[in-house]
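Below, each structure is written out as C-alpha cells.
Shared between the two complexes below is chain A, which pairs with chain B and chain C, respectively.
And then the complex of A and B:
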C-alpha cells in the first residue's frame, strides 16, 4: 500500500495543492481512505495530518470508512422526490437489507443520499460506483441488485444508451441529453478548431473588446459582464489562470452536462480564448465528480486538441501563445460552485468561500489573478468571435444579449435543455416544455425565486427575472411547504459551516418550518421566519449562505396562504415546549418517575 | 407618576450578567432614582409582590425550576429582556446538549476526578426537593415570549444601562457597532 500511495503522490509532484486528485486516486484503490493512508499522504506531502483530514472530511464523496462494494448514491433533490424517489429508496433498502447512510452487513451494498446530481430531467437517478443510473424504478432496483448479487459488474447493467455522444464508446452512458431545443449559439452548427485559428488576426485586447461589445454576461447566475472581468484580470500583473466552473451544483440545472457531452471542444476552445485574452498559460476545468462519466471523452478531446496544435505550444500557429488545460474533479460539494470556494478546492483545500475583496481577478488560484467563467459563458465567447459581437447582440434583450440554456424539469411533459433567446416569458417557457396545471415555478434553483402564476408574465433576463438556468415546474397537486423543506434540507447539508448564521440559522428555520408543517405553528413563527430569514442576506459571506433562506422568504411572499392554512388561529405565541416530555430522560437516568 | 418596577433573575447562568449590571458604578444611584426593584437577587425579594414593568433574565433553562421561574416572570412582567449569551442561546451550559443526560450525571457524580471512588453506592442526586434537569438547555425564547435581547457575555454595563434607560424613558436606544460585535 505504501508504495502505491507513494506512486500517486509522485505522479502529482508531491504537490499539496493537488490533494483532491491524490485523495481521489487513493480512494479509487481501496474504496475508502484509511487513517494509515491519511498519515502517509501527510508525511509525503509534508503537511499535517489535519490538513489532509480537513479536505477529506469536507467532501461528500470522500470517505474514511468502507462504502460497500457497490456504493449507491441516490439523488434526494426535489424533482427526484417528485418523480417517485420514495418508493425507489424503499426498494433499495428492502432488497439490500440496509438503511440509507450505511453499508449492508456483508459489506456489499452502501446506500447513501446525495444532493442533485444534474439529472433532473431523468429522475429518480442514482450513481453506482461512478456510473449514472437514470430513471430508476422499483423494478430496476430489484433487477440490478439481483444481478450484482449474482456477480455481475456495474457496467454490465448498462442496458441502454442515451442519445448523441452518450452512445459513443468514450461516454457509453444511459444518460439522455434531452436537448429539446437548439438555439443559435451553443447548439448551432459548430466546426471544432475553426474559430480558434482567428487568434492569428486578433490581439488579446481586441478579443476582450469584442466580448465587451457583445454584452455577454456570466451564465452562472450572477451575470457579471465577461469582458469586463477579463479586462480587470489583465490589470493585475503576474502569472494568470483561467478556471472554468463546471460544478453545476444548483439543484435543477443540468445544461453543462449536455454541453460537456455534445460540445466539449467548444468549452475547451472558449477556455483557450479566455487564456489568450488574459495571457494565461493554464486553464482548469473544475468538473463535479457526478460527471466523472464524461472524463474519458473530455481527456480524449484534450489529447486531440494537443495533437492538432490547438493546445500546447504556439497554439493555432500563433507564435508565443502557449496554453494547456487540465481537469480538476470536485468531490461532491455544492458550495464549490461559488468561485472562491472553487479556487480553494482547486488548491486541494476545503471548499470554503474566501472573503472578497480581493476578488479572484486580483488574487485567485494560487493567489494569482484568475478568471472564472461558467461553461456556457465560455462557449458563447467562441460564437461571438466566430460571428461577431453585433450578431450576438441582435439576440436577447437590451441588457441581456444572446441565448440562454434553460434546464427545465418537474411537472412538464418534455423535461430537458432548451436554448432560447433571453427575454422569453415564464409563460412561454412553460408552454414550450409542455407544463401542465402549474402552481409554481422555481426559477434559478433553491437559491433563486419561487414564483406563482401572477408572475408568469415576467421575462427571463437580468433586468427582470435572472436565472443560472434552473427552471423547476411545480404542479397543482404539490404542497409548497414540501418544496421549501426539501430546499432547506439541501442548504443545511451543503453549508460549508464557515459562517454561523448559515450553519445554525438554516437549521433553526427548518425546524420552525417543520413545526408549522406538523400543525403546531402560530402566527409569530411566520414572522420569525421572515425576520430571521432576512438576516441571512447580511450575515453570511458567500452567495450560498446569503440565499439559503430564499426558499422560505419567496414562498412566504408568494404562497403565504399555504403557511397560514397550517397555522393555529387566534394564538400569537406558543413554542410547544412540553415540560413533562423534557424531563423524561433525566427522570429515567436518576430513577425518578414524576406524575404525568 | 410612580417609578417603573424592575425584576431580575439568574437561571442557568453564572451571575456574570448581574455583576455587569452592578458595573455601572456610581450610576447605580441614578438607577435607584429611576426605577424600583421587585423580585431580584439585588434586593433579595424572593417572590413577586406586584406586577412589574421590566424583567431582566440572565441564563437559559436547564431544569424544571428555571422553567417555573421564567414562566412566573412572563406572568408578572410586561416586558422581558433576555440578557446575555446564556439567556439568548443557552451559552456554556448548552454544551451538554449533545451528550446523553445519564453520561453527564455519571461524569459529575461517579466518574469525575473529584468524585471517583467517593460515591461507592453510585448515588445520583434524586431528592424530590431538587429540581429535575431538562433533556437539554433551552434558550429563554424557546419557552416564553421574549421582547428584547441584550447580547454579550456578559453584556457590557453600558449596554445594560442604556437599554434600561431607553426602556424607561421610551427614547430610542443607540447601538453602535462596537457594542454588539464580539470578535
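And then the complex of A and C:
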C-alpha cells in the first residue's frame, strides 16, 4: 500500500497543491481513503494529518469509510423530486436492503443523496460508480440491482446511448444532450482549429479589444465584462493563469455539460485564446466530478490538439506562444464554482471562498494573476474572433450581446438546452419548451429568483432579468413551500461553513420554514423569515451565503398566500411548544400522565 | 517615515498609517469595532462577520480591510449593530453555551459581546444539539459545544516546522475543529496556555487548571468588552 501511495505522490511531484488529484487516485484504488492512507499522504507531503483531513472531509465524494462495491448517488435536487425521485429512492432502499446514507450489510451497495448532478433534463438521475444513469424508474432500479447481484458490471448496464458524442466510444454514455435549439454562437457550424490560427494576425491587446468591443459578459452568472477582466489581469505583472469554470453546480443548469460533450475543442480553444490574451502558460479546466464520464473524450481532444500544434510550444505556429491545459477534477462541492473557492480547490485545499479584495485577476491561482471564466463565455470568445465583435453585437439586446444557453427543466414537454438570443421573454421561453400550466419559474436556480405569472413578460437580459441559464418551470400542482425547502436544504448542505450566518442562520431559517410547513407557524414567523433572511445578503462573504435566503425572500414576495394558508390564524404565541411532549420524561418518572 | 492617511468613522476624523488594517487603525483612534475571529498579526479569516461596517456605503468586514485615504466608515449605526447582534445570537444558539458552568466565563469574548449588545436571550430557538468533546491530547481539551469556528487556532497555532495542529473538518453546519493528536502530544505547558488564550471562547481549555481567577475578577466582569479601546478618547 505504502509504495502505491508513494507512487501517486511522486507522480504529482510531492506537491501538496495537488492534494485533490492525490486523494482522487488514492480513493480510486480502494474505494475510500483509510486512516493509514491519510497518515501516509501526510507524512509523504510533510504536512499534518489534520491538513489532509480538512481537504478530504470538505468534499462530498471523498470518504474515509468504504462506500460499498456499488456506490449509488441519487440526485436530490428539486427537479429530481418533481420527476419521481421518492419512488425511485424507495425502490433502491427496498431492493438493496439499506437506507440512504449507509452501506448494505454485505458491503455491496451504498446509497447516498447528492446535490444536482447536472441532469435536470433527464431526472431522476443517479451516478453509480462514476456512470450516469438518467431517467431512473422503479423498474430500472430492480433490474440493475438484480444484475449487480448476479455479478454484472456497471458498464454492462448501459442499455442505450444518448445522442451526439454520447454515442462515441470515448464517452459511451446513456446521457442525452436534449439540445433542443441551436443558435448562432455556441452550437453553430464550427471547424476546430481554424480560429486559433488567427492569433498569427492579431496581437493579445487587439484580441482583448475585440472581446471588449463585443460587450461579452460572463455567462457564469455574475455577468462581469470578459474583455475588461482580461485587461485587468494583464495589469498585474508575473506569471498568469487561465481557469475555466466547469463546476456547473447551480441546480437546474446543465448547459456546460452539453458544450463539453459536443464542443470540447471550442472550450479548449477559448481557453487558449484567453491564455494568449493575458500571456499565460497554463490553463486549468476545473471540472465537476459528476462529469467524470467526459474525461476520456476531453483528454483525447487535448492530446489531439497537442499533436496538431494547437497546444504546447509555438501554438498554431505563433513563435513564443507556449501554453498547455490540464484538467482538475472537483469532488462534489457547489461552492467550488465560486471563483476564489475554485482557486483554493485547484490548490488542493478546502473550497472556501477567499476574502476580496484582492481579486483573482490580481492574486489568483498560486497567488498569481488569474482569469476565471465560464465554459460558455470562453466558447463565445472563439466565435467573436471568428466572426467579429460587430456580428456578435448584432444579436441580443442593447446592453446584452450575443446568445445565451438556457437550461430549461421541470414541468415542460421538452426539457433541454436552448440557445437563444438575449432578450427573449419568460413567456416565450415557456412556449418554446412546451411548458404546461405554469405556476412559477425559478430563474437562475436556487440563488436566483422565483417569479410568478405577473413577471412572465420580463425579458431575459442584464437590463431586466439576468440569469446564468437555469430555468426551472414549476407547474400548477406543485407546492411552493416544497420548492423553497428543497433549495434551503441545498444551501445548508453546500455552505462551506466559514461565515457564521451562512453556516447557521440558514439552518435557523429552514427550521422556521419547517415549522410553518407543519402547520405550526404564526404570523410573526413570516416577518422573522423576511427580517432574518434580509441579513444574509449583507452578512456573508460570497454569493452562496448572500443568496441563500433568496428562495424564502422571493417566494414570500410572490407567493405569500401559500405561506399564509399554512399559518395558524389568530395566534401570536409559539404554537410549536408541545406541553405533553415536554413533560413526557418527568411523567414517566413519577408515573402520572396528563389526561388525554 | 511612512505616509499618514485620513479617513472617517461615523463622521469622526481619524488618522492611520498607509496600508493599516482597519480594526487596528480604529483602535488607535479610540474606536471599537467588535471582532471575534480577528487576531492581530495573523492573516484575517473574515469568518465571524461581526466586524461588519459600511465602507463608502457598502457592507464590508473591517478585519479584512486595508485602509485607503478618504474611506468613509459607518460603525455605530443601527442596521450594522442589528446585524452584529443577530450574529452573536446565532452563535449562541449554534452551540451550547452554558456560561455559568464554563471555565472561560468572564474571559469569554462571545459572552462579553452578548453583554455589550444587551442580549437578554437569543431571538432564535435553541437546538441543544450535543457536540463531541475531544480530550485525547495530554494538556488541552476541545469542547466543541462552545466552538464558534473562528479559526484563530487553525491560523495561528502551528508546530515549530509550521505544521497545523488544528484544522477544520467537514463543511457547513457540520464543520468542526479537529486536533492533530500526534502533534498535540508534544505541546508544552506554555503552548497549551497560549492555545487556551487564543481561543475567544471556552472551546480550547487547559487540563488540570480551573478557576485560577475567581469569577467576578475576570477581564470582562467589571468593564464591557471594547471599553479599554474607547477609554483612550475620554482620557
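Rule of thumb we're sticking to: the second predicted complex is superposed on the first by the 576 of 596 C-alpha atoms of A that agree within 3 Å, B and C clash if a C-alpha of one lies under 4 Å from a C-alpha of the other, contacts with A are read in each partner's own complex, and residues count from 1 in each chain.
Assume contacts are C-beta pairs under 8 Å (C-beta built on N, C-alpha and C of every residue); 3 or more make two chains touch, one makes a residue touch a chain.
Since the model is a prediction, treat every value here as computed from it, not as a measurement.
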| item | value |
| --- | --- |
| Chain B versus chain C as contact partner of A:150, first or second or both or neither | neither |
| Residue contacts with chain A in the superposition, chain B compared against chain C | C |
| First (chain B), second (chain C), both or neither touched by A:524 | first |
| Touching partner for A:584 - first (chain B), second (chain C), both, neither | first |
| Chain B versus chain C as contact partner of A:535, first or second or both or neither | second |
| Chain A positions touched by chain B in one structure and by chain C in the second | none |
| Residue numbers on chain A that touch chain B, as the complex places them | 524, 572-573, 575, 577, 579, 581-592, 594 |
| Touch list for chain B against partner chain A, complex | 64, 67, 100-102, 105, 124-126, 128, 132-136, 138, 141-145 |
| Residues on chain A engaged by chain C in the complex (per definition of touch) | 47-51, 53-54, 57-58, 333, 350, 355, 492-501, 503-508, 511, 528, 532, 535, 538-541, 576 |
| Chain C residues touching chain A - in the complex, by the definition given at the top | 44-50, 52, 59, 61, 64, 82-83, 86-87, 90-91, 93-94, 123-125, 127, 148-149, 159, 163-175, 178-180, 182-183 |
